[in-house]
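Pasting the structures in now, so scroll down.
The same chain A turns up in both complexes below, where it pairs with chain B and then with chain C.
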Partner chain A sequence: MDLALLAQHALNGAMLGVIYALVAVGFTLFFGVLDVIKFSHGDVVMLGAFTGLATSIGLSSAFGSVPPWIAVIVITLTAVAAMALVGALMAKFLVLPLHKAPTLNVLLITLMAGTVIRESVRLFYPQGSNPKPFPRLLPDGAVNLGRLTLRFDSAILLAIGVIAIVGVHLLITRTRLGLAIRAVAQDPETASAMGIPFQATVLATFALGSGLAALAGVVNGLYYSEVNFSMGLLLGAIGFSAAVIGGLGNVYGAILGGFIFAALQTIGAVALPIASAYKDVFAFGAVIALMAWKPAGLLAERSAERV
Partner chain B sequence: MRTPSILPALFATVATAAAVVLLLLADQEWEVATMAGVAVAVLLGGMRLGWGETVHRSATAHRRIVTPVTWLAGAVAIFLLREHNFELLMLCTVMIFMIAGLGLTVQFGYAGVVNFAAAAFMGIGAYTTAVLMNSTALPHPVVILLSGLVSAVIGSVLLLPLLRTRGHYAALITIAFGILFRTFLEVNDALGGPQGLKVPGLELFGHAFNDAIEINDDVEWSFYLNYAAGALVVLFLAYELVRRIERSWMGLALDAVRLDETAASAFGLNGAAWKITAFSIGNFLAGVAGSLYATITAFIAPASFTFSDSLILVSIVILGGLGNPLGLLPAALVVVVLPEKLQVIQEYRFLLFAILVIAILLLRPGGLIPRRAREYPE
Partner chain C sequence: MSKRLPYVIATALLASLSLIAHARETVKIAFIGPLTGGVAANGLGGRNSAELAVKLRNADPKAKYHYELLVLDDECKPNVGVQVATKAAADNDVIAGITHYCSTVAMGTVDVYHRFGLPVIVWGAVLPDITYGNNYKEIHRVNGTMINQNEVAAKFMTGLKFKRWAIIHDTTDYGKGHDKYFSEFLKKDGGQIVGDFGVTADQQDFSAELTRIKELKPDVIYFGGITPLGVRIRSQMDKFGVKAVFEGTSGIISDAFIEGLGPLAEGVVAFREGAPADKLPGGKMFLKEYAAANYSDPPEAYGPFAFAATNLVIDAIEQVGPNRKKVRKVLDRTKDHDSVVGKITFDDHGQNSVPLITKFVVQDGKWVVWEDSEYASGKRSLTGR
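For the complex of A and B:
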């Protein structure tokens, strides 16, 4: 295999990695503040993509033709805002009431909430059960660097994703909200005692994570030019895997995990002798093996169980 | 204390069997809706008035009579439906889901081992049955047993990661396995790919289950009667197995491991060993259920064993009351029969079940018939 082809695969892998990392960061944030897994996260990604799609249809029917870059910005902001709201509502009415119940119940209730979202889109979005074309709003061209083709839209999406990840990093490390999130994640009781509002921080975290999910959904839609009501299930499982590989609760672990999963899939598609169709089998098999090797993820916190 | 009367238990058994038959035979949507309403009212009202307690006391005091009567009532219910193909098929499906649900009860309810891949383990059983029946001449009961065993053995691949992880991490492993399994089936040509495999009918001691039973020239009983009877026998065996596990020292050990593994190990219980036992028994039962499913539907495909199906199975267990095998019957009826009978909700069934489970988790975490605290003879 020559270098140009390798670079091409690395580029595609990086694109996938950014999407997965955006989803995984949400999982890890929720786990950080509440020690829960919100498994409807993948479906929030999907709902975000559909919100973007609906917004773009609404835009073009209301204003005729809109400059594509304005459309992209409006679509992204609407989707992110709407999902942030959805995330906060789910935290308030589904997750927080079960906060003291067995963790399994939270997992279940969010799995079911995901099913509600998925089925609602399938049933109530016009022809929701068919794959929908997502508008191509980004410039079409590409530059050829030797034999490596760099599509403009991929480059822009990659940049958006990287900016979002860096933004989250800055938000968590440099702002008061980030400080509150880290404090609640470390010790909710002490954080409350120090005057950090517990519920507001939790809701803000869920809004943040779900907003990122919406961004991932829109990026996904723009990249593949297609969205589908069932895409959330696989994306959710992948994002969860990525967060777990990295070590739940660790934002950098989630980002690392996202890229590792994308790498596994790309390796599975490129290098496996049998067939590239087995790439997901290979990737999930590798996740199970990784879990057996490092049960608490690669960047796990050292912890002793309190009895 | 005075011995409670046997009548409440007998009445409850017979009424339940009659309700199941009536529900299956109802062909008007308003009938079904009314019956569902009455059932909910009886269940909720009965709880308030303490009927559940009365029935429970009476059943416990007369276990030796009530247990056979219950299974007899099941057999009579099947016999009453002898000429109705579709109703018998639905009843078979209910029983298969109950068998798989019994497996999940052991895993989730007793040992606290999560399994979000129950449909995948059913799938392993179903595919094993298809392969063994198509390519070997093994007696069919042996095939069913082997399907369960293969399911348990393949499940043991997950044991190492499952035992090393806990909570959410363990959940992820089974979810990943479920998705992996389905993808594997779809891309694997040897097992029929997305088109699936055909499965021949069951045969037992020279009696082909796919032949209708002809009594005389006028009367012909549905061939599903064979399968329903077979499923009832398997359900009986599975139920007795699970009940006996629960009531024995094994159940006590499993409960202890679930409730507090550290404390259990301080009392000398080997948590890992108990989790392995429970996980394997559960997967065995799921595999057997899948095997029956394959022979009854005569055709299997990857689309029948998806992650959503695993979630449906989990919903049945939660809906019925986690850890209580009795709750599986109403829960499986709700999940299997209601959507078939109420065409209005057919299209919306996944949505409705999801909302139902959310409501149960928020309002009545114990399920329809919550598990009782263990009772010790004085």
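For the complex of A and C:
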């Protein structure tokens, strides 16, 4: 295998890694503030993608042809805003009422909420059980560097993903909201005593995580030009695994986990002398091995410092 | 009193007569297919078609029984399929079944039908072993198997002077079966297979496989699998710059495939047994009635088969009455039975011998029979898309 081909695979893997990381960050944020696992997260990714798709159809039927740049921005913002709202609502009505109950209950209720979301899209989106083409809004060209093809759309999406991840980092480390999130994650009672509104902070965290999920959904749609109602299932499982190998509760761990998982899948499909059908078996098997080696994740949260 | 008596008797007689006319004995038939999940479009098309057959028969004043369709969802999952198959088979009111689109599910349920003695007709699954892998008299199938399909596919494509193939197939029995039969026939016809990739049925990303395939420079990518995966792979071929003809199987012949791809579907070829519905006299009637019934989903490729299977079952019940054993015997003896998919004849294994395989190509957003297409006439070419 030559260098160009290797670089091509690395590029493909990086693109996957960005999507996985965006999903994984949500899982880790929710776990950080409330110690809950929200299993509907993958389906929120899917709902975000479908919101983007519906927005783009609405845009072109309302205004005719819209410049693609504006369309991308409007679609992304609408999807992110809508999912942030959905995330906050789910936190308020499903997660918060149960947060004193065993965490298993939250896991179950969100698992069911995910099924409701998935089946609702299938039933109520027109012909929702079929795969849907996602509009191609990004420039179609590519540069060829020898045998390495760098597509403009991949480069743009990679940049969007990285900017989002850096943005989350800045939000958590540099803003008052980030401070509040970190405080609640560390010790909700003390944080409340210090005047940090517990419920508002939790809602904001869920809005943030779900907004990122919507972004992952839109990036996914723009990258593959296709979305379908069941896409959230595997993305959710992968995002969760990535968050766990990185260390649940640690944002950087989730990002690292996302890229590790993408790398494992790519290696499983490309470099190993096994049928490519086993790449997920290989990747999830490696996750099991990693967890056996570091049960708390690669970047384990120290109990005194979360998120 | 004595004067009124004749009227009373006459009225009573009339009333009871009309009661008989309206209260025909109700007979239940089961329909099982994937109504939710990734291939739900095909399942819903089949369900509507079976329902249409029942509705038309119930409207027929000459019918001896009133038919009721028990609709069950197998989700295209073998475990769910066995559950619902058992539910249908254990219900003594159910006389026969119209069962399964997904081969993996049909494979899992044949034992159930045999054990309960429920005669069934498979309406969409194409794995040969469903009928040929056992000696169960209960199992019949109106559609053909993937053996015939791939024989024609390999001969046809090598005939178009394509040389190099890369195969992508899902790792279910269905995908593996297609992989096996197509590879066999292709080697016989002199085609070369440069790579063979198994993928899971719910895989989203094919960047790794397609990047490798791009290096192998095939003329054709053969895909053994069903619509959702087919849409994803064809769409990503374009993303990763793989310029090859996309050749599918009967599993991708659906309106959903074209809807999911838009213009990218152009020039995709696939093969299916049986003549297309609108080429048969009965088929035209079927499409007309289907349109008149105003279903929200199209019948899809296998709707006509579900319709034909339902009619076959109803005809058998009309002939011998609602008795599983007798109905099974009538079905076993089916020969030259007219239907919307052509004449149906079951062999020793209950398999309909469908000699005709139709070749399809997507042209301007429609599945067009190859011989009628601009590709066959030379106006367009598969390679120079």
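Here is the rule we go by: the second predicted complex is superposed on the first by the 301 of 307 C-alpha atoms of A that agree within 3 Å, B and C clash if a C-alpha of one lies under 4 Å from a C-alpha of the other, contacts with A are read in each partner's own complex, and residues count from 1 in each chain.
Criterion: a residue touches a chain if its C-beta (ideal position, glycine included) is under 8 Å from a C-beta of that chain, and two chains touch if they have at least 3 such contacts.
It should be emphasised that the depicted structure is a prediction, and the values quoted were computed from it without experimental measurement.
Asks: Does the chain A-based superposition show chain B and chain C clashing or fitting?
Replies: clash
Asks: What is the contact status of A:Asn228 with respect to chain B (first) and chain C (second): first, second, both, or neither?
Replies: The answer is second: A:Asn228 touches chain C but not chain B.
Asks: Quick check on the superposed pair: does A:Asp280 touch chain B, chain C, both, or neither? Answer first, second, both or neither.
Replies: Both: A:Asp280 reaches chain B and chain C.
Asks: Identify the partner contact of A:Ile196: answer first if only chain B is touched, second if only chain C is, both if each is, neither if none is.
Replies: After superposing on A, A:Ile196 lies clear of both chain B and chain C.
Asks: Which partner chains sit in contact with A:Leu77 here, chain B, chain C, both or neither? Use first/second/both/neither.
Replies: Neither chain B nor chain C is touched by A:Leu77.
Asks: A:Leu298 in the overlay: touching chain B, chain C, both, or neither? Say first, second, both or neither.
Replies: A:Leu298 contacts neither chain B nor chain C.
Asks: Go through the superposed model and pick first if A:Thr115 touches only chain B, second if only chain C, both, or neither.
Replies: first
Asks: Considering only touches as defined above, state whether A:Asn12 meets chain B (first), chain C (second), both or neither.
Replies: Only chain C is touched by A:Asn12; chain B is not.
Asks: Let me test your reading of the model: by the given contact rule, A:Ala155 touches which partner, first (chain B), second (chain C), both or neither?
Replies: It touches nothing on chain B or chain C.
Asks: Pick one for A:Val66: touches chain B only (first), chain C only (second), both, or neither.
Replies: Neither partner.
Asks: In the superposed arrangement, what residues of chain A touch both chain B and chain C?
Replies: Shared contact residues on chain A: 119, 233-234, 275, 277, 280.
Asks: Tell me, which parts of chain C touch chain A in their complex?
Replies: Listed in rising order, the residues are 36-38, 40-41, 44, 171, 197-200, 202-205, 207-209, 211-212, 215, 227-228, 231-232, 235-236, 238-241, 256, 259-262, 297.
Asks: So in the complex, which bits of chain A are touching chain C?
Replies: Chain A residues touching chain C: 5, 8-9, 12-13, 15-16, 119, 122, 127, 129-133, 142, 149, 151, 220, 223-226, 228, 230-231, 233-235, 265-266, 269-270, 275-277, 279-280.
Asks: Could you pull out which chain A residues touch chain B in their complex?
Replies: Residue positions touching the partner: 31, 37, 94, 97-98, 101, 103-105, 107-109, 111-113, 115-116, 118-120, 123, 233-234, 237, 240-241, 244, 248, 275, 277-278, 280-281, 284-285, 287-289, 291-292, 295-297, 305, 307.
Asks: Could you please specify the touching residues of chain B with respect to chain A in the complex?
Replies: Where chain B meets chain A, its residues are 108, 114, 158, 160-161, 164-169, 171-173, 175-177, 179-180, 183-184, 187, 262-263, 307-308, 311, 314-315, 318, 347-348, 350-351, 353-355, 357-358, 361-362, 365.
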